[in-house]
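First the structure, in the form of structure tokens, and then the observations on it.
Chain naming follows the written order as A, B, C, D and E, and within any one chain the residues start at number 1.
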Amino acid sequence: MSEADATGGFGGAARGDASLSGNPALVGQEAVRLEGVHKSFGVLEILRGIDLSVAPHEVICLIGASGSGKSTLLRCVNLLEPVNRGRILLWGQDVTAPGVDENAVRRHIGIVFQSFNLFPHMTVLRNITLGPIRVLGVPRDQAEEAGRALLVRFGLSDKRDDYPDRLSGGQQQRVAIVRALAMRPGIMLLDEVTSALDPELVSEVLGVIRELADAGMTMLIATHEMGFARDIADRVCFLDEGVILEQGPPRQVFTAPVNSRTQQFLRRIVDAGRL
Amino acid sequence: MPVRGSRGGTYLDQQTLVAAGAPAPGSFEGNGRGSHLLGGQRAAAVSTVSTVVFIGGVIALFVFAPGAAAVRHTFFNPQQMKQAFLGDPSKGLYSVGKGLILNIEMFLIAEVLILFFALVIAVLRQLRNPVLFPFRMLAVVYTDVFRGVPLIIVIYGIGFGAPALYIRGVSTQSDFVYGIVALVLSYSAYVAEVYRAGINSVHQSQVAAARSLGLSQWKSLRFVVLPQAVRTVIPPLLNDFISLQKDTALVSTLGAVIEANRAAQIDSSTLFVYSSYTVAALLFLCLTIPLARFTDRLIARDVSRRMAGGATVR
Amino acid sequence: SHASIARDVYKIGSLTVATDSPAYEPWFSNNTPSNGKGYESAVAYAIAKQLGFSKSQVKWTVEPFDASFAPGPKKFDFDINEISYTEERATVVSFSASYYDVQQALIAMRNSRIVKHHTPADLRTYVFGDQIGSTSLAFINTELRPTQQPSVFNTLNDAKSALQDGRIQALVADTPTAQYISSSEIPKSVLVGQFPSTGEHYGLLFAKNDPLVACVNKAIATLKANGSLAKFQKEYLGIYTSVPTIKP
Amino acid sequence: MPVRGSRGGTYLDQQTLVAAGAPAPGSFEGNGRGSHLLGGQRAAAVSTVSTVVFIGGVIALFVFAPGAAAVRHTFFNPQQMKQAFLGDPSKGLYSVGKGLILNIEMFLIAEVLILFFALVIAVLRQLRNPVLFPFRMLAVVYTDVFRGVPLIIVIYGIGFGAPALYIRGVSTQSDFVYGIVALVLSYSAYVAEVYRAGINSVHQSQVAAARSLGLSQWKSLRFVVLPQAVRTVIPPLLNDFISLQKDTALVSTLGAVIEANRAAQIDSSTLFVYSSYTVAALLFLCLTIPLARFTDRLIARDVSRRMAGGATVR
Amino acid sequence: MSEADATGGFGGAARGDASLSGNPALVGQEAVRLEGVHKSFGVLEILRGIDLSVAPHEVICLIGASGSGKSTLLRCVNLLEPVNRGRILLWGQDVTAPGVDENAVRRHIGIVFQSFNLFPHMTVLRNITLGPIRVLGVPRDQAEEAGRALLVRFGLSDKRDDYPDRLSGGQQQRVAIVRALAMRPGIMLLDEVTSALDPELVSEVLGVIRELADAGMTMLIATHEMGFARDIADRVCFLDEGVILEQGPPRQVFTAPVNSRTQQFLRRIVDAGRL
């Protein structure tokens, strides 16, 4: 991925960005705060009271068994699923209250879906410039220039004019990441964002995430890759049966879990040689 | 070139991937362009009132306009509507109600044949095997011709043409049969195209999955593609059902089939009022509206079953 | 009263006369109402002349039969289209006095059984057909009452085709039409005979309570009195004294 | 209970997940039921021959049947076809060709209005916001009523009804205008349903992705859902285009609009042959077939662009 | 996944199954053999001469960068993509020859797609019984009983009557595996089959694959998880730019790669702490 070097790193200039520090009242406030969030599909209760507060810059990894509700939680945060009970606050503002402009909220949140959900009728470049052009009102040429630079960064420059159905799994996943990044959100929700990537790319993405965090982005990452979580997370949250059973810095959770269910989950992983 | 907007920094500044920090307080509040534009009760009131006003206005037009009484007399004459529905041989009036039975008969027979025949054509059109190219061409020519030619001409062609050929078996059928043949020929072309749209809407990866199980081309179509295809195209299929139901009326041009509309037409030209047409129209509505409601429920059930328990994003 | 007529007409300064298209022989000639040939065309011009309109002031317009009795303003002064007077129809539109007294007649193919066998009981056994909206159809249904439902066609031409192809066995039409069909239109067809008069007559069709009706009736009366109508009938419709009568 | 088949072991034997080892030699050879049923040249020959036989048979019917000459004279009389196309005022013959211009005019105006109006209705029907319920109901009622009522009755209703009301501006339009209004009212109901099918065929996850970018409900529809929806339903949309083109003929019932079919009808009843109808039918085919070929190419291009360079699984 | 225990293990009885040893001519023959396989999409040449031979029972892991052609290779093997040049032999029979019954071939090969490709209009149970009922002609009740047992084995018994759109990513992936297994194929092609699974499930699947291999199944697995490849593979093949650059037992490939490109690929992975 040698093209990447040409465009330089990610963070830098954004650190100490005016838009963040320009609002003194908010400095030090949580970027995301979930209070007793409940979510059911029909009779099936998936989230049973999630409390979580995420500081700006913080990188949180959600781990837990398949079907434990990680994806659902992320979808709730950017209001794609309405919660049944509880509140979600972004930078101190309750976004689950009536009268909130969902579109304004989502403009500040990027999400990478587990199944990518690329737009099949658009080329890769149009996929990633749609948001900037139609939502942020960026002129097309600027959006495309920015988009092209991002594609280079992710080793996709030769796929710019291809349609998503012609891409490999890992290529699609990277396009999905770029699409979210192109909106330059304040918060990113990443759902299994390395599942289709080869190890080289995983470490590349790991680097990107570090830079973004340094630049002030807040991230919520659902992942099954414990090594990845250990490397990237400021805090790991273990989700089980709809509640956060245990949370803490990765070293603590992975090496000295207090909850017995967490211990069991991790023991099996270690036994299988997967951590 | 800085882009104006609520964000700090220019968009093109490559170094600044994270331009947005915390948005200003209150910036998520509805700004009048979101989906909460109309909030709660007031909005409900607005939309109810506007609907009532619209419908009321249409009705008022027929009640208060200068010529309204004459229009009502011609189109909505209860006495003559009843007469048209029942018919009255002593006055040479035909029964629209009895005619409707014929419409329904023709519709049902034709529809079954169409659904089958159209499927064959649609499938022929999907064939990519080069050796079957002539069949594909045949299917293409068929749809082009029979969509292009007005149904009435097909009906004339079959109904007047076949008897004129003096071929045993072909030339001695009843108008009812000729009519159904013409309907099937014409509508199969349309319905085949509807099927085709449905088939095209199913993603290739579904076919790949089906074939990878060892299902033959036909079985993939039968069990994987068509069920999804048909679900998608229920509304336009229903369009064609309804059109067919109405176009059964055209068979009456052959003379012997006095269906509802022909009966209405005779009654109206005898009595010089159009109320009999109103009766026919109302009867057709009584057939089509329940059908539409039924398929709507079908679609809704299908969607809710398959989609998220809360397929909630609008 | 010419001044008032000039004011009351549909288009000031001209007399707008409607008929359907196609305009059938022998009521019109060549499907061209404006050529003054054919019985109805000749009658229309004669009436126009009585009302004080010159030949060039008569404007023809196409009005489908179905549209002629629609409510609302008429796009013509009168419609002349072999329309029979009935009491029910007269509640919706106004008719002039008769300009032709109608008798229905029976047409069949030469080799048909009906040519020889047409007692009232026989007549009930045949397959009839006719044009929609015609009083001939009503005549079949109310007077002949065949056991098999008659076929009903959009146009008289469709009915003629059906007769030719053997899809119907007999056609009923007013005598002049029937005469024309059997003599000039369908080879090997014959006019079997005409039925006694039922008092049916053709009238010009007007908008309900059109003030013109009175003037036109006066004109028709004049034309009857001075023998014009008889002359036109002789010229265009032929003389039917030779037509046998069928007792229904 | 052993299952008969080529595999060893019974299917239900839970321990035996791997029942198939190596299949017998030659077991992959085409067995007559696969897609290679018709192998190579012989198959091509079969399908070509059968197509030629079929088409030839149809033609032969019109050439050799006992009544064929009469049929040819009535439907395919070159002299009279020419006359019908050009018209001949001296014989009271109208020009079918000139009439066609009117059809095309009505079609184009109506189509633009329909595409827009139908979209509005389809979108109204998709609204899930409870406060907008009355609008949704209105849209449902609208489609039900105008699909249910035969077009000819809508044309009568507008064309005869509006003038009868004596309302300034409403009652004094030309038949041309009334005809177009009636066409738009009726067809919008059909086309709205076609749109709806297209919209439903787009997976919820696409909407989720669009909304997650901050696109409003309308913009998601505009940029993500509709482009995919319309691609899917091109064939039934074209169905409706073609029907509309043909149904412009019905406007002639109002009297003043002598379009191609009415001209043909007049000519045919004047000359007592149906050749003029044949002319009208051929002219309509000349309009619709290029349209069909064009959209076919559109679909094919779209599919090949998006799908696998070798979307090869059949 | 305690339900699993109830149904017992996988292999066992199948070992020494008659259908395998019943054909003496074939014993010892390769299950899969690729000879100079080329595959292009338009002008893009993806596979540039793949030679590979796989013995019965063998488990091969394909590794390589995203977009290197792993998925394409698997799709070629079960004839979903026609090859441009070269031959593919299964149990010694050339399946790329004209006149071959593709359906018969595919009946013997199971594939789990990277994007799952479940049938959205069918419940989970119908998804997995479609093949057995319609292709193998198994009576519905038997197919369903077998299907239910498999679902239990994969912890999905409560999702039996759900539609795929309602499942989490990991649940969908497991259904896809079960769908392929339900056909009891002789060869399995697994494309990133653990990407959406949590670590517990990964080791579970690992166990299943081991049992299947013991029972005589031949497997070709495309994967990005080097740990998984190391644990499961008899042989690892490194795919790069359309050719197999290096192959051998995992221990050899991962610890002493000979090819310089392989060395580079692995070094980066090791540097990133991902092996």
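By our rule, contacts are C-beta pairs under 8 Å (C-beta built on N, C-alpha and C of every residue); 3 or more make two chains touch, one makes a residue touch a chain.
Computed from a predicted structure; not experimentally measured.
Following the contact convention of this document, A, B is the list of chains adjacent to both chain D and chain E. Comparing chain pairs A-B and A-D by the number of C-beta pairs in contact, the larger count belongs to A-B.
Rounded to a whole number, the gap between the C-alpha centres of chain A and chain C is 84 angstrom.
In terms of their C-alpha centroids, the spacing between chain A and chain E amounts to 30 Å. Separating the CA-averaged centres of chain B and chain E is a span of 45 Å.
Chain geometry summary: the mean Cα position of chain C and that of chain D are 42 Å apart. In chain A, the positions touching at least two other chains are 41, 80, 102-104, 115, 165-166.
For chain D, the set of residues touching two or more other chains reads 33-35, 40, 156, 160-161, 164-166, 171, 204, 208, 211, 216, 307-309, 313. With touch defined as above, residues shared between interfaces to two or more other chains in chain C number as follows: 66, 70-72. Pairs of chains meeting the touch criterion: A-B, A-D, A-E, B-C, B-D, B-E, C-D, D-E. On chain D, the positions that touch chain E within their shared complex are 1, 3, 5, 7-9, 11-31, 33-36, 39-40, 204, 308-310, 312-313. Per the touch definition, chain D reaches chain A in the complex via residues 205-206, 208-216, 219, 223-224, 227-228, 231, 305-309.
Chain D meets chain B in the complex at residues 33-35, 38, 40, 43-44, 47-48, 50-52, 54-55, 61, 65-68, 70-71, 74-75, 128-135, 137-138, 140, 143-145, 147-151, 153, 156-157, 160-161, 164-167, 171, 190, 193-194, 196-197, 200-201, 204, 207-208, 211, 216-217, 232-236, 238-240, 242-243, 246, 249, 261, 274, 277, 280-281, 284-285, 287-289, 292, 296, 299, 303, 307-308, 311, 313-314.
Note for the complex: chain A touches chain D at residues 75, 78, 80, 102-104, 106-107, 109-111, 113, 115, 117-121, 130-131, 134-135, 163, 165-166, 179, 183. Across the interface of their complex, chain E is touched by residues 41, 63-67, 71, 114-115, 166-171, 174, 191-192, 195-203, 206, 224, 226-227, 231, 265, 268-269, 271-275 of chain A.
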